[in-house]
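The same chain A turns up in both complexes below, where it pairs with chain B and then with chain C.
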Partner chain A sequence: MRLANSATALVNLALKARDPYSATAVYSIAEGKQKHQLKELMFGKRRDALALARWEHTPASVLEALCSTSDDAIVVRLDKNQNTPTLAISKLYVAENQRSKCSTSLTVLVAQHRHASPSILKNIAQFESEEASVLALSKNLAANSEVLSILLGRFESSSILAALQKNISEHPSTSSQLLEQLYEKGDVYVKAAVIGHANCPLQLIDKALLEENVLIQRQLASDKRLSHEVISRLSLHQDKSVRCAVASNVIASRRVIKALVSDDSDMVRRAIASRLDLTAHVISRLMNDQDVWVRQKLARNPTVSFGVLDKLSKDLQADVRRGVARNSRCPIKLLHLLAKDEDYWVRAAVAYQHRTPKQLLEELAGDTAVDVLSGVANNPNTPQRLLKKLTFSVEADVRRGVILNPSATRFTLLPLLEDDYYLHRLMLVGNSKLKDKDKWHLCFDPDYQVRFTAFKYFAVHFIKSI
Partner chain B sequence: MKILVAVKQVAALDEDFEIRANEKDVDEDFLLYDLNEWDDFSLEEAMKIKESGTTEVEVVVVSVGPDRVDESLRKCLAKGADRAIRVWDDSIEGSDAIAIGRILAAVAKKEAPDMIFAGVQSSDQAYASTGISTAAYLNWPHAAVVADLQYQAGNKSAVVRRELEGGLLQEVEINCPAVLTIQLGINKPRYASLRGIKQAAAKPIEEVTLSDIGLSGADVGAGNSMSHVRRMYIPAKGRAEMIEGTIAEQAAKLIQIMNEFKGV
Partner chain C sequence: MSTILVIAEHRRNELRPVTFELISAAQGLKKSADDKVLVAVIGSQAETFTTALSVSGVDEILTIAAPVSEFDPDVYEAAVSALIEAKNPSVALLPHSVDSLGYAATLASKAGYGFATDVFIVEYQGSDLVATRGGYNQKVNVEVDFPGKSVVVMTIRASVFKPLEGSGSPTVSNFDLPAVQSRSQNKDFVEQGGGNDIDITTVDFIMSIGRGIGEETNVEQFRELAETAGATLCCSRPIADAGWLPKSRQVGQSGKVVGSCKLYVALGISGSIQHMAGMKHVPTIVAVNTDPSASIFTIAKYGIVADIFDFEEELNSQLAA
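Right, the complex of A and B next:
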């Protein structure tokens, strides 16, 4: 079958295939009569319309075309589908409100939809009384500060106030002003959420310093606006989660970290091991830590010296040695050593490491462990000759590694267009190394998801050319 | 040597669905059909035996169902099954798992296989009795929930490991021919190759009627089944409420709820 040379030709092919999924992929480029024919193909059977209304990949234009339906089951699916566009959600909401008996569950779905328009969300905030809808709206990331403010004002003396305060205190759009109100009236959980909020005003941080609650102190200890004096004080807190928050805070001074490196809590020392500002003294303490995770995190730390990595590469725990192999600055000499490790999980880390040279990857390609071979297949340094060989591996994970490898050339990838696993064929639709003529036959693949992806790929070409 | 693999096209449900007007099943518009997951493992086990020995093995898949079941049978053919048989007659509609077992046993008598594999259960109805009832009608030995199989084509017996409660395994030697119901995880089912899919599209599916296997409408269907679906329904959901506030506030709210229930 020859490559389609126009949008009309591509749509004709989708119509000829009689496949609703291919039809959805080309709907946005169709016009006039073809558009009607596609609609008939996609929505002619109720079970197809139901399936498309629910499918997470159905394009917004198709969902919008469906929204004039009077089928309640389809409406519910459109309200739930996160791809349903703003205009369609607005139409559905208006239609639902015009009914004599408005469905509460549908209002909840609109209230929580990410594409619901600001005006609809404001309308729900102003006039909806149903608790489920109000709570759903307070968690919707599309709700703006004004909507959240209306909600908090309307339900000030309601039984759902506590839940509402909790949701709004965690909402990213909540303004500083609203956060101040919440802090004054909320319980300890709300206060802690307010202190941890990105919009939390500095004056609330100062107020929170007087609080003794651990949850609030923990959020406070993560704040980057604290003074050195406060950070030092919190580093002595009796609760380990507060000290852990200090250990993770980038503004904690070297003196504070030096003191915390001897902390009883593993959690605190693990947080320190991931910091990028460690002194030689702190590193030497962490290197000999009893906790494996502390040493493992240190082994992954890109700021530690060759000497430290050298010592950690001989650790008795495989997870620590693997950490060294995964370190973005791991020296080649150590990679050679770790490539011969008895644990396949350590060798796999070497195979995935982007610093691993070609010669070492050739050696690892002889390994029998699937994870090691997957690493070789993924590694951009692997010679093309080896990648070609790995495309014939019986293990799907290894073949997928080649597909994901940015260095794999067109000729290496070509055999994978016939891969047994549909997902591999689907992944290749978007691969820039392959030419359109290589991918064209995927429009006629046995798997509907591959067909949809391929038709969509070619449809986008025609949209770009318009 | 022949292995008969009993497969079923099962219905999967979406989150939202409607019950049919007769309240005995889900409205078909809301069902998505696919090969039963357990049967994928049964077929793979048969294919492993076919591909591992020197004895020639024929793998035959059989299913009871209407035209739409051909899609699932073609999937089995694409994965390497040699033949596919579909049994259907409108009088079969409403048959329970025991009646389906009777039909499969009748097919087995005609095909004379050396082994029969079936899934432990189907994901939609979950009676877990089709394979066992087939064995009963044939008067063959059977082993259920097989998690491991040691068998070579032509052997007079097989060793199976059965999965029991609490992580226990039971090793059983079973005389052949036998019916085994295969558990998930016994192997790694393959994907059908594109070549296999193309070849399967051209292979015929043998359509078998009840009379072809020596049965009649009097042996099958809802009226001749030992169990009947009386009603299918969505149970009413219980109410749950998260009680917020301080410990004292939560306790006060709890007392209020209990008093409301007691009518105080």
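Right, the complex of A and C next:
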């Protein structure tokens, strides 16, 4: 079959294939009679229409075309499908209201839909009384500050107030003014959420410092707007989760960290081991820590010296040695050493490491562990000759590694277009190293998902050329 | 008096735990005190398993010396077929495993026995033996009965029946394997996935991470969380493909189906069809994702719209308290 040279030719091919999934892929580039024929093909059988209304990959244009239906089962699927576009959702909502049978479950679906328009959401906020719809709306990221404010005002004395306050205190669109109201009236969870909110005003942070609740103190301890004095005070807090939050806070001073490195809690010392501003004194304490997670985190820390990594590369715990192998600044000398490690997961870390040189990858290609071979297949430093060999591996994971390798060339990838695993063929549709003529036959693949992806790829091409 | 036959499963000289679950299932099928549970073990070193098999609920152990140490479908089919003919059990229980898939259907079909696979409830309803299994991709439970069948072969799902506790004192005897021409040969044993890693198909509590964890450096804190919570850390395909967790920890179509899992906590996993193929059957799925429209919520029993790092911090603090 020859490569389609126009949008019309591509749509004709999809029509000829009599495949609803290929039809959905080209629907947006079809016009006039062809569009009508595609609709017939996609929605002619109720079973196909139901499947497409629910399918997570159905394009918005197809879902919109389905909106004129009066089939309740299809409407429910359209309301649930997160690809259904704003206009279509609005149409469905209006149509349901006109028919005076907009069920609660449908309103909930519209209220929580991310593509629901601001006017529809405002309408629901102003007039809807059903609890499930109101709560769904309060969590919808498409709801703006005005909508949230209406909700809080309308349901001030309702039984769902606590849940509503919690949702709104976590909503990214909640304004500073609304946050202040929530802090005054909310419980400890709402207060903690308000404190952690990006729009939280500074005066509320000051107010929260007077609170004794651990949850609020922990939230505060991770705030980057605190003064050194407050951080210092919180580092002495009796609750380890609060001290741990201080240990993770980038504004904590070296003096505070030096004190916390001797903390009884493993949690606190683990948090310190990941910091990028460690002093030699702190590193030397952590290097000999009894907790394996502390040493492991230190091994991954890109700021530690060769000497530290050298010592950690000989640790008895494989997780620590793996940490060294995955360290973005691991010296080549240590990678050679760790490539011979008895633990396959340490060797795999070397195979995936972008600093690993070609010669070492050649050696690792002789390994029997699938994780090591997958690492070699994934590594951009692996020679093309070796990658070509790995495309014939019996392990699907290894072959997929080659597909994911940004250095794999067209000639390396070509055999994988015939791979047994449909997902691999699907992944290759979008690969920029392959030419269109290489991918064309995937439009006629036995797997419907591959056909859809291939048709969509070529359809997008024609949209671009228009 | 009737006999319930259990076929023990072993690999690399170790009995698989499902054998003891089958003994428990068999015990539940005893209708009277005279009924017997007979456990057969097949292999070149079958007699080495008799001590381990001498557990509560077993009345008799039969060892069948075979020319192969590992599973061979032809040998097993011949041995179990001969056993059924000789012992005339009312029910033969096999583990629902890759081994039994190799011979159970042929065995039952050739002799016209009743047959059901992947059974998770088996009981007598009056005098009728009824097996319950999943149907329509586990969406419905199907009850199967076996009218007119004097022998029924069933493969039993693992991790469903609780093994009985305590030791027993069964009689032990040998059973001769009939002549059999095997069509296959064991060349090598290759452990699927990474070397000596845990087999995630056998664990009952899984925490699984997806793209939502963002960077490789974040994997460790979830490993810590899983360890503290007593869970096994698994992942979706992108995480294993990036080399952040071993392939043996990958759940889904490209990875493994977590057949024994009872609680699955999906952290930052959107829920692709491929991933859900490996875990959607789990009775309790908890999904944590910032995107309320993530597909994973459509199959979750409990959905938490939240940042997985906040969730991790909170859960860690509560577990540490």
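By definition in this document, the second predicted complex is superposed on the first by the 466 of 466 C-alpha atoms of A that agree within 3 Å, B and C clash if a C-alpha of one lies under 4 Å from a C-alpha of the other, contacts with A are read in each partner's own complex, and residues count from 1 in each chain.
Everything below uses one rule, namely that a residue touches a chain if its C-beta (ideal position, glycine included) is under 8 Å from a C-beta of that chain, and two chains touch if they have at least 3 such contacts.
For clarity, every value in this text was computed on a predicted model and none was experimentally measured.
Overlaying the two complexes via chain A brings chain B and chain C into a clash. Looking at the shared chain after the overlay, A:R77 reaches chain B, while chain C stays out of its contact range.
Contact with chain B, but none with chain C, is seen for A:K166 once the two complexes are overlaid on the shared chain. Ranked by how many residues of chain A each touches, chain B and chain C are led by C. With both structures placed on the common chain, the touch criterion links A:A369 to chain C but leaves chain B unconnected.
In the superposed pair of complexes, A:D420 makes contact with chain B only, with no contact to chain C. Contacts of A:H336 after superposition on the shared chain: neither chain B nor chain C is touched.
Using the contact criterion defined above for the overlaid structures, shared-chain residue A:K207 touches neither chain B nor chain C, since it reaches no partner.
Once the two complexes are laid over each other on the shared chain, residue contacts for A:R46 go to chain B alone; chain C is not touched. In the superposition on chain A, A:K311 makes contact with neither chain B nor chain C. Taking chain A as the common frame, chain C overlaps chain B at a single listed stretch, which among 25-33, 43-51 or 79-87 is 79-87. Comparing the two interfaces of chain A, the one with chain B and the one with chain C have residues 396, 421 in common.
By the touch rule above, chain C contacts chain A in their complex via residues 193-195, 197, 216-217, 220, 224, 240-243, 246-248, 253-254, 273-274, 292-293, 295, 305-306, 313, 316-317, 320-321. Within the complex, the chain A residues that touch chain C are 56, 82, 112-114, 139-141, 170, 218, 240-241, 244, 265, 267, 270, 274, 293, 296-297, 300, 326, 343-345, 348-349, 351-352, 369-371, 374-375, 378, 396-397, 400-401, 404, 421, 423. Against chain B, the residues of chain A that register as touching in their complex are 46-47, 50-51, 54, 73, 76-77, 80, 162-163, 166, 187, 396, 418, 420-422, 445-446. Across the complex, chain A is touched by residues 14-16, 18, 28-32, 190-195, 197, 242, 244-246 of chain B.
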